[in-house]
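Lettered A, B, C and D in written order, each chain numbered from 1.
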Amino acid sequence: MLDQLIQFLITGITVGAAYALVGLGFAIIYNASDVVNFAQGEFVMIGAMSAISLIDMGIPYGVALAAAVAITVCVGLALEKFAIEQARDATVVSTIIITIGASIFLRGMALIVWGKDIYAMPPFSGEKPIHVGNATMLPQNIWVMAGTAASVLLVRYFFNRTATGKAILACSYNMKAASLVGINVRKMLLISYGLSAGLGALAGILIAPITYITYDSGVMLGLKGFSAAILGGMGNPMGAVAGGMLLGLLECIGAGFISSGYKDAIAFVVILMVLFFRPGGLFGSAQAERV
Amino acid sequence: MRLAGFYLFAALVALLPVVFPDNYYVTVVGVTAFFNIMLAVGLNLLMGYAGQISLGHAAFFGIGAYVSAVTTVRYGWNPWVAMAAGLVLVWLIANLIARPILRLKGHYLAMATLGFGIIIHIVLVQADAFTGGPDGLSGIPGLVLFGWHVDSDLRWYVVAGAVMLLYVWLSLNIIDSREGRALRAVHGSEVAASTLGIDISGTKVRVFVLSALMASLTGSLFAHQQAFVSPDSFSFFFSIELVTMVVLGGLASTFGAVFGAVILTFLPEFLVVFEDFQMLIYGAILMLIMIFLPRGLFVTMADRIGPMFAGYFRQGIRET
Amino acid sequence: MKVLKLFLTVIFILLFNMSPLVPIVHASGIIKIGSFLALTGPASFLGDPELKTLKMYIDQINSQGGVLGKKLELVYYDTAGHAKSAKDIVKRLIQKDRVDVIIGGSTSGTSLAVIDIVQARKIPFISLAGSIKIVQPVKKWVFKTPHTDRMAAAKIFEDMKKRHITRIALITGNGGFDKSGRAQCLDLAPRYGIKIVADESYGNADTDMTTQLTKIRATDAQAILNFGFGKAPAIVAKNVKQLGIRLPLYESHGVASKKFIALAGDAAEGIRLPAAALLVADKLPDSDPQKKVLLGYRNMYEAKYGPVSTFGGHAYDALFITVGAIRRAGCLDKAKIRDEIEKTKGFVGTGGIFNMSPEDHLGLGLDAFKMLEIRNGTWELI
Amino acid sequence: MGVLLQVSGLVKAYGGVRAINDLSFDVKKGKVFSVIGPNGAGKTTLFNLLTGVDTPDTGSVNLDGYELVGRPPHRVAACGVSRTFQNLQIFHNMTVIENVMVGCHLRGCSGLWSAALRLPSLLAEERRIRTWADEALAFCGMEDLAQARSSELSYGVLKKLEIARALAAKPRMLLLDEPAAGLNDTETLEMCELIKKISETGVTVLLVEHNMGLVMDVSSWVFVLNYGSCLAQGTPREIQRNPQVIAAYLGGETGIE
């Protein structure tokens, strides 16, 4: 029983780490611009796909991964520049549709570039299972966990310590005030899109060796990332990370102890319950209307 | 003159099959368009007028369809009784979840409705002993109206068209009434609405239940028309498509919802020739419309074409 | 006045948009084959080789003079695996494109969805999907060429029986193929004296199945059976290896392609699966009547598109059964074509030797399936 | 004249700060009762507590025998309390007349179903509501603007629209939150007249306003709020002479005249 539980936890944390990274991307963009970017999942797919293609071309592993992140960041910047910035005054629902349109567009692009094939990526460091008691994990599981932990710390550092990070935070509190004190709001928005795209790509690269990638892999991951961000509380990036971890664990515990067929339903029931009792997510604050 | 636009629209709907009696786009895609219009008009009451986003509307559509399908196929119920049973079940579910869900705002509301839709979809897939699982359920009997069998595409055009027009009429009526103004007031400013004596959560719940019931009835008709249901017709992708229809036409305009539904029904039909490029083009069109016409195609058009024409259709169009 | 003008303009625009879409008069001298396939979506790896096969052979037949002196024309649309679109497409094929026969339905869901329509419209339809429900009970106008999931389950259980396996763990996805296969397994297992001690499920878009497999590891199962297709079975294979589970792993015919071996890598070693003889064509004895057909199809396909899968083979079989029936019917009368399809006897296809009858609209026996094991990155007959 | 509203022991704290600190006062029927005080004195908070938008920590608000504390805003409104807002809360998705018709909500009773089917009872009620709304608009001198889109109107007109909307509910007590803020001199004068006119119809007016000229002109009783507590209250004349009030307003330099 304990062995099983440990195995569930390992799986849950790995899956959750990926959700956390995607959720973090959602939260960063939401924080900077109040937009929920439903194309976040596509960043994951593009990151993984580009990395695989570059590796196949014979480019050294490390370079390929870095280049894949760079490509995805460019896609993220382009999305901000050509879609989001053009629709500055759009309402919440309109921006939702725009980002959904963007996600369909990017998926369509991937379909043309990569076709419908399933792609596999060689793991970072072999496939020899590591034993933890009777439970096992792959070296890649450790990469996923470590990669997520490192990027979460970096993001924290970026927002708490660097001038640019603080400027983005300022935009999130009050865009007008931020621009009055001389912060270039446009540039901050671009940076946050680039950052989220990069995080998405990183998530894709980390999990690609565990799972496989197709042009439509982004849909599910995007959905789970969004759920993670909401579960944690939209305005709080670290909440999104916690939400992602929780979601991953929920799925694995649900599948392990209740029913694997209904595991996603179980996770969503828990999310609904959380929202019913904490309408602002676990670590967020409920917004109140100002009179 | 209040309903001039409606009469024009009804005339067009009635004329099309007379001019093109056996046209695929009229009698086949047309019926699909009618179902989509019914769903979009109902969702528009909730989203466009009351301002409550729902990414799970397909769930109510699905519950209605599956109650009709399962009870008629597995238990041999009369389709009309099945339809009523679907409405009762949806009424219960909608009332149960409406209050806690509608307390949420913005993206949290989007998440909750999305989650609800996904849960229902998973149940449809997993409860295969009952629902037939992902392969779906076939052999759903057709409808009989006073001895008149609704069994051809053209007859379905008539029935679905009539119900669709009824929905549009109901929607136009509601918007232009005490309750409809209360809805729009809740959207405009919750605090002002409440201090004028409007019960915010009650109003939201009522319109949520109404639009759920409209979706359920549409689902029952859909099941009998298709004679087959499978879960992929009720996935969250379809919920999102419904939202897109409403927003694309223009929020808070009944005819906007009609227009959006028609466009999104026909667009894929014309895009099939692009094969692999279909998805790319579809995504691009969606983005372009929302970027350049954020108020929606129909609402913008109605404003630009001229006050005369617009007057007929502009009923209840949002003023901002 | 202005209103009237605008209204007329709207009508005009509508008509203009409709005009190219008004039914095209059926051109004589052409035989129209309609098709609806899953070209995108999770089942696109089925629809893709099916379409390529149909296109390739229709070109070949046309270059050789066509059928009954008429050219074949393929009209096809993408269902993305959605039943609702399949229904609309089939209506479009019948009503707008006026096709003579329909070959298609990559997935069971899309095939089952259109049965009512083809039955009502009386048009011959050969499905390319696995579920036994498509042809059982027999529907007058509906045929199919792929082996059924029930046959696959039977074949696997036969093999298990030989290895004295009596307790197995079942793990399946949430797609139509998986669910239908699961139902057949649950139904058939007792007849082979097999007890299913675990019945787990995963989502086809899931990234990891170790949780389910950990549960399976805790049971006393002697083998694991995974009914699924796409990337999920490859993840299952890898997770089995990762967890160090040393039980024999059985897969379904859903993974009968080189892609699966490429994806699963080392983890594919030792996996057994039932599949059509196509995969092991060169290992068949020369006396095997299928060998020539199989090699012919494989060589032609691989020369043009790359590695072959059994799924394209189903389309090959359906196309040539249709062509044969049209030749024998001598005309394009749909009822006659249907009768001739039903009379197909001794047709050597990629899936086996077809002998159809009014009671059997598939015409394949259990022997059409071969049991294969993956060794050194390729299939071996066992 | 009797007392319409009795407030006693009202307390509301946000975090550690007491925005309203043990307030008690009476409002007489049919009079204009003004609440003044520097920014942040808690005036809007007080209005929110009185209308149910916010709930006090302790205390009671009694309107002619009805306890208002604990009732949600729409129930408070049903007791005959109507208000306007400091930050305009116009329904921008409606025309002017529709905005005012929403104000008549409490005077109607038709529901969703009769509306959907457009029953005769609904049509009759719609006509009545329309008449009431027209009357309220006319009362505020806006009858020409009935069909205008609310988004096209000037700030001053929108201020009046909020009042018309609030009046359409036929309230016993009307709460005006800074009705003259942002208005020019002519508009302020008009507003002054309007408030007097409202008072003459017998509606009790509770006014929050910074423009002392207007307050002193229309009020029959002035209540000075400072840091959530009562600094002074009395007739306008008394307040103008109250040294504490003068001190609170920067030593009397900012013009309590």
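Here is the rule we go by: contacts are C-beta pairs under 8 Å (C-beta built on N, C-alpha and C of every residue); 3 or more make two chains touch, one makes a residue touch a chain.
Note that the structure is a prediction, hence the values are computed from the model and not measured.
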For this session: Kindly work out which chain lies most centrally, taking the average of its C-alpha atoms as its position.
Result: B
Problem set entry | Higher-contact pair (C-beta pairs counted), A-C versus A-B | A-B
Exercise. What's the chain with its C-alpha centre farthest out from chain D?
Worked result: C
Exercise. When the C-alpha atoms of chain A and chain C are each averaged to a single point, how far apart are the two points in Å?
Worked result: 36
For this session: Express in whole angstrom the distance between the two chain centres, defined as the mean CA positions of chain C and chain D.
Result: 72
Seminar exercise, completed: Per the C-alpha means, the centres of chain A and chain B lie apart by a whole-Å value of 32
Exercise. So what's the Cα centroid distance for chain A and chain D, whole Å?
Worked result: 48
Exercise. Could you say which residues in chain D touch two or more other chains, in rising order?
Worked result: 53, 85, 89
Exercise. If you look at chain B, which of its residues touch at least two other chains?
Worked result: 126, 191, 276, 278-279
Seminar exercise, completed: Two or more other chains are touched by the chain C residues 39-40, 174, 201
Exercise. Across the complex, what residues on chain B touch chain A?
Worked result: 47, 53, 100-101, 103-108, 110-112, 114-116, 118-119, 122-123, 126, 190-191, 236, 240, 243-244, 247-248, 251, 276-287, 290-292, 294
Seminar exercise, completed: Within the complex, chain B is touched by chain C residues 2-3, 6-7, 10-11, 15, 18, 21-23, 39-40, 77-78, 81-84, 87-88, 91-92, 95-96, 108-109, 112-113, 115-116, 131, 133, 174-176, 178-180, 183, 201
Exercise. What part of chain B is in contact with chain D in the complex they form?
Worked result: 170, 173-174, 177-182, 184-185, 187-189, 191-200, 206-207, 210, 252, 318-320
Exercise. Which of the residues in chain B end up touching chain C in this complex?
Worked result: 8, 12, 19-20, 22-29, 32, 125-126, 128, 133-136, 138-139, 153, 226-228, 230, 232-233, 272, 275-276, 278-279, 305-306, 308-309, 312
Exercise. Tell me, which parts of chain A touch chain B in their complex?
Worked result: 30, 36, 83, 86-87, 89-94, 96-98, 100-109, 111-112, 223, 226-227, 230, 234, 261-262, 264-265, 268-269, 271-272, 275-276, 279-281, 287, 289, 291
